[in-house]
Amino acid sequence: MPISPLSRRAAAAVPLLASAVLLTACGSGGGSGDDDASGRPEGGITFQTWNLRSNFKDYFEGLIGEFEKQNPDVKVKWLDQPADNYAEKLGADAGAGTLPDVVNVSPDLSYPLAKAGTLLNLDREKAAARYKDEYTPEAWQGNTLPGLDGAYAFPWYLNTGPLFYNKALFRQAGLDPEKPPKTYDELFATATALARKSGGKTATLAGTPSIEDFGRYGVRLMNADATKFTYNEPRGVELLGKYKELYGIGGLDTQALTNTADTSGQKFLEQKVAINPGSAHDLDTFKKNAPALYKELGITDAPNNNGKPNMYVMGLAVSKQSRHKAAAVAFAHFVTDRGNQEGFAHKVAVFPSTKGSLDDAYWTKDDGTDEGRVRVASAKILKGAVNYTPVVMSEEMKVILKNEVAKALQGKKSPEQALDDAVAQSDKLLGQG
Amino acid sequence: MTRAPGWEKALRYLLMLVVLGVTVGPFLWQLSTSFKGASEDIYTYPPGFLPEHPTLGNYSGVARVVPVWDYALNSLKVALASVATNLVGASLAGYALARLRFRGRRVAVLAFVVALLVPLESIVIAQFTMMRDLRLNNTLVAVVLPGAVGALNVLLMRNAFANLPFEVEEAAVIDGANVWQRFLRIALPSVRGTLAVVAIFSFMGAWDDFLWPLIVLSDPDRFTLTVGLNYLHGTFQQNPRLVAAGTIIAVAPLVVMFACLQRYFFRGVGEGAVKG
Amino acid sequence: MRPHPAVRRTPAGPSRHVRTHRAISPWLFLLPGLAVVVAFDLYPFLSTVHKAFTDARALAPGDWVGLRNFRDMLDDEQFWVALRNSGLYVLLVVPFTVLLPLLLALLVEKRLPGVTFFRSAFYTPVVASVVVVSLIWGWMLDDRGLVNGILRFFGAGPVAFLGDEWLLLFSAMALTVWKGLGYYMIVYLAALGNVPRELHEAAAVDGAGALRRFTSVTVPAVRSTMVLVGALSSVAAFKVFSEVYLLAGPTGGPAGQDTTLVMLVQRTGTGLGGRVGYASALSLVVFAVALLLMLLVLRADRGESTS
């Protein structure tokens, strides 16, 4: 058995509280970590979701009730965490050995948790691995963590999104509102036209290119074993060069260098930028909060150069410290099985990750509504979609990329130099981890 | 009391109106958004100030999504406990630091100054582990404890006691009153203004705190209001009207409390407790 | 001017025990406060101090690395930017947070009809949610926002307040001063209330002008409070986070040029992959400078009061 970083550090006789934190974490982890997942599901488990209680309380209570009926020896306690600071909450629980038995994670969260040895490797656990074939290979792959030899969460709901555009702004600039850009080249052409014809007043995009943009543009982001970033390859430099031109002629919002996904969305809602990427469920937000925009809303596919759209994956992980692993695995599978995933995806515009689900008529037949149209289009996109954001890319590395990109756009550095610097800084951080 | 001349009064009101315009804008906008009807566009630019179809529906909407009353009760328990412990702890400590001579006083002052400067974010995890070892995690007691006596409040009380003229207490010393009597009967009533400030600050601190209760509480039934209201930022969509109504619900008690307590700021030594 | 203390029963009553152990009583007074502060602030802080010398991650305790984090800091371009910004914040914000709230307190101190309403209204920025406040400030300072509207009326602008690194920093400073108005106002109000009224009245009778009364009566009377506010707001300014974070974005403004020290702590240390060791080292620097600032301000006060 490999020595975990926790016990190695505890052995190093470190004074004071730091070691106390550690010892207790080890104690509770080790003491209960031997429970077998292959036994009969029994005992009390906790199940933690991320901000789903407010809108889906009845759904989850129904789900738990049904599971408890099928497994009379299991008692499920449902916890739900609010939107903000979820990572901090998970970190505190993982460190103190109080992680819930079944926990809602995205791959960027499960990676550090799994690396610290707090999550169950589902590929190595027979009781869990036998369900692998129920999920689409992309979704299972999306929860498989580089360097950690397996998947650490049952795939749950997926999301992807079209590109939304503002027809009114297109019209004002003399562009055909029924001809949105389909590729990156068309996107840049449209943005140039919008900027020129509006005299630099109408910006097309609210943000600078994110790591997903580099991915969709066809840039190789990392080497095969995810130890070095590679987005400074010529194709990445080319993309940044094009953004730089756009920035120069007013194709990007004046606050593009500081906008976040939230503030970008805000600019689109305020009709200050013409195009913004989004998700299927944003439709509802537009309808309710910006009815004027909704009337002029155009929807098109997000451009990508390599036929592989981007997707976001959610999963349910099982804590390695769980005292009732059999029950936890059974419940995590139950929530993510085909029937229950499809049930959830009928409630809100997300997509199931189980095999065959997206062939259902609900996701293939356009029912004539805007929602139906976006749903079918998104479901089509999802086949072959990948999660571009590397799980090893921490928030800090994303900030580094954004700030180096900004320096290139401001002309303080050449695009090439900026990306080289971003890669160098990120690689250094990776090496320390 | 000398009467202010008319022009001075006018000037005061004028200035107050100017400051009013600068200070309450965001609050009013928040209030206005919370009354906006479901069909209203809230992303027009520039933002529309008055609701076209005013409604109270957002407030009941908040209550539908989040058990507001339960959470508010939890918050109230935490905040009141924090006010009580801070008033007692900070005035005792502040009095000792300002009025009593003893060896180690400087070290004690330094301890509070250092505590004031400790970066809270960096110690949250250690605090959480401590609560777990005390088996207090997931309880409201654990929410109160770390802020039970704020270093800032201690320093505020010390400043207030230090500013009292010494003669006030001297007479009592001659009368043979011991230190506890002087503290309770003379010093404490003289600094009611600062006590009110401490009460407000500790109420506000406990009521507004987000990260610590989030970390230490797991069970949604025990959440405090700020943590619970964060549910309004939905995962798939959010309704800014509900968020606005939520913030008003969270802030209203603070404004009411301030309005109630602010009269105590004006009852210092000079006026004593003449008026009931 | 003998006060009439409210008649109150002491819960325990005067006890002989206390009187005979006089040397102990100061520590009894201090006990609750010290206990809380030592147990929940100072003791946990030791783990931060320790982590500053390790390469700890959020979920991995890491190994002892000596001074490496501090050496890395010297090579970290963002650290120097952040140090500059936090330092500027103290220099430019503190004079305003010491003076403006005092003037505001004097303005609303008089009993005038309706003054209660104004006092409460002036307090609302303190309680209003920072997120909402920054949203609205964002709108006001936008290219097409209120401030640029006014500038345009006078034939100037538009000024890209939120696109330029310096204007962004100054806007955040203005927001900080604004948000502190009501907070420090009540500290001053309490201090003014604790001051014997005779002082004010004597000066008024003297017929001293408003400015003279301010400098020769009010300022001396609340001087120690001004020092306290100065010390507290210096520390708060040096540790500024929310205002800059929300106006300039999590990246710290264009190309990170508006990053402050605490933003850097947050950026490097939070999240499950956070570099807790490095962030702790940064925290220690912030702590040390803040302590220095606080002691300097308090020392300056003592020097002045003895002279």
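We call the chains A, B and C, going by the order they appear; numbering starts again at 1 in every chain.
As a working rule, a residue touches a chain if its C-beta (ideal position, glycine included) is under 8 Å from a C-beta of that chain, and two chains touch if they have at least 3 such contacts.
Every value quoted in this text rests on a predicted model; they were computed, and no experiment measured them.
Novice: Among the chains, which one keeps its Cα centre farthest from the Cα centre of chain B?
Specialist: If we average the C-alpha coordinates per chain, A ends up farthest from chain B.
Novice: What pair of chains has the most C-beta pairs in contact?
Specialist: Highest contact count belongs to chains B-C.
Novice: Rounded to a whole Å, what is the gap between the Cα centroids of chain A and chain B?
Specialist: Computed value for the inter-centroid distance: 37 Å.
Novice: With chain centres taken as the means of their Cα atoms, state the distance from chain B to chain C in Å.
Specialist: 15
Novice: What are the residue numbers in chain C that touch two or more other chains?
Specialist: Counting only residues that touch two or more other chains, chain C contributes 44, 47, 144, 270.
Novice: Multi-chain contacts in chain B: which residues touch at least two other chains?
Specialist: Touching at least two other chains: 45, 126.
Novice: Which residues does chain A have that touch at least 2 chains other than itself?
Specialist: 17, 21, 88, 91, 95, 272
Novice: State the interface residues of chain A toward chain C in the complex, per the touch definition above.
Specialist: 5-6, 9-10, 12, 14-18, 21-22, 87-88, 90-91, 94-95, 109, 111-113, 115-116, 118, 254-255, 257-260, 263, 272, 394-396, 399, 402-404, 406-407, 410, 412, 429, 432-433
Novice: Help me check something: in the complex, which residues belonging to chain B touch chain C?
Specialist: Residues 1-2, 4, 9, 12-13, 15-16, 19-20, 22-27, 29-30, 45-47, 85, 88-90, 92-93, 95-97, 100, 102, 105, 108, 111-119, 121-123, 126-127, 130, 145-146, 148-149, 151-152, 154-156, 159-160, 162-165, 168, 171, 177-181, 183-186, 189-194, 196-197, 200, 204, 208, 244, 247, 250-251, 254-255, 258-259, 262-274 of chain B touch chain C in their complex.
Novice: Under the touch definition given earlier, write down the residues of chain C that touch chain A in their complex.
Specialist: Of all residues in chain C, those touching chain A are 43-44, 46-47, 50-51, 55-64, 143-144, 160, 162-163, 168, 248-256, 267-268, 270-275.
Novice: Where on chain B does chain A make contact in their complex?
Specialist: Interface residues on chain B, with respect to chain A: 38-39, 41-45, 65-66, 124-126, 128-129, 132-133, 137, 210-211, 214-215, 218-220, 227-228, 230-240.
Novice: Which of the residues in chain C end up touching chain B in this complex?
Specialist: Counting only chain C, the residues touching chain B are 1-6, 8, 10, 12, 14-15, 18-19, 22-23, 25-27, 29-34, 36-42, 44-45, 47-48, 104, 107-112, 115-116, 118-129, 132-133, 136-137, 139, 144-146, 178, 181-182, 186-187, 189-198, 201, 204-205, 224-225, 228, 232, 235, 239, 262, 265-266, 269-270, 279-280, 283, 286-287, 290-291, 294-295.
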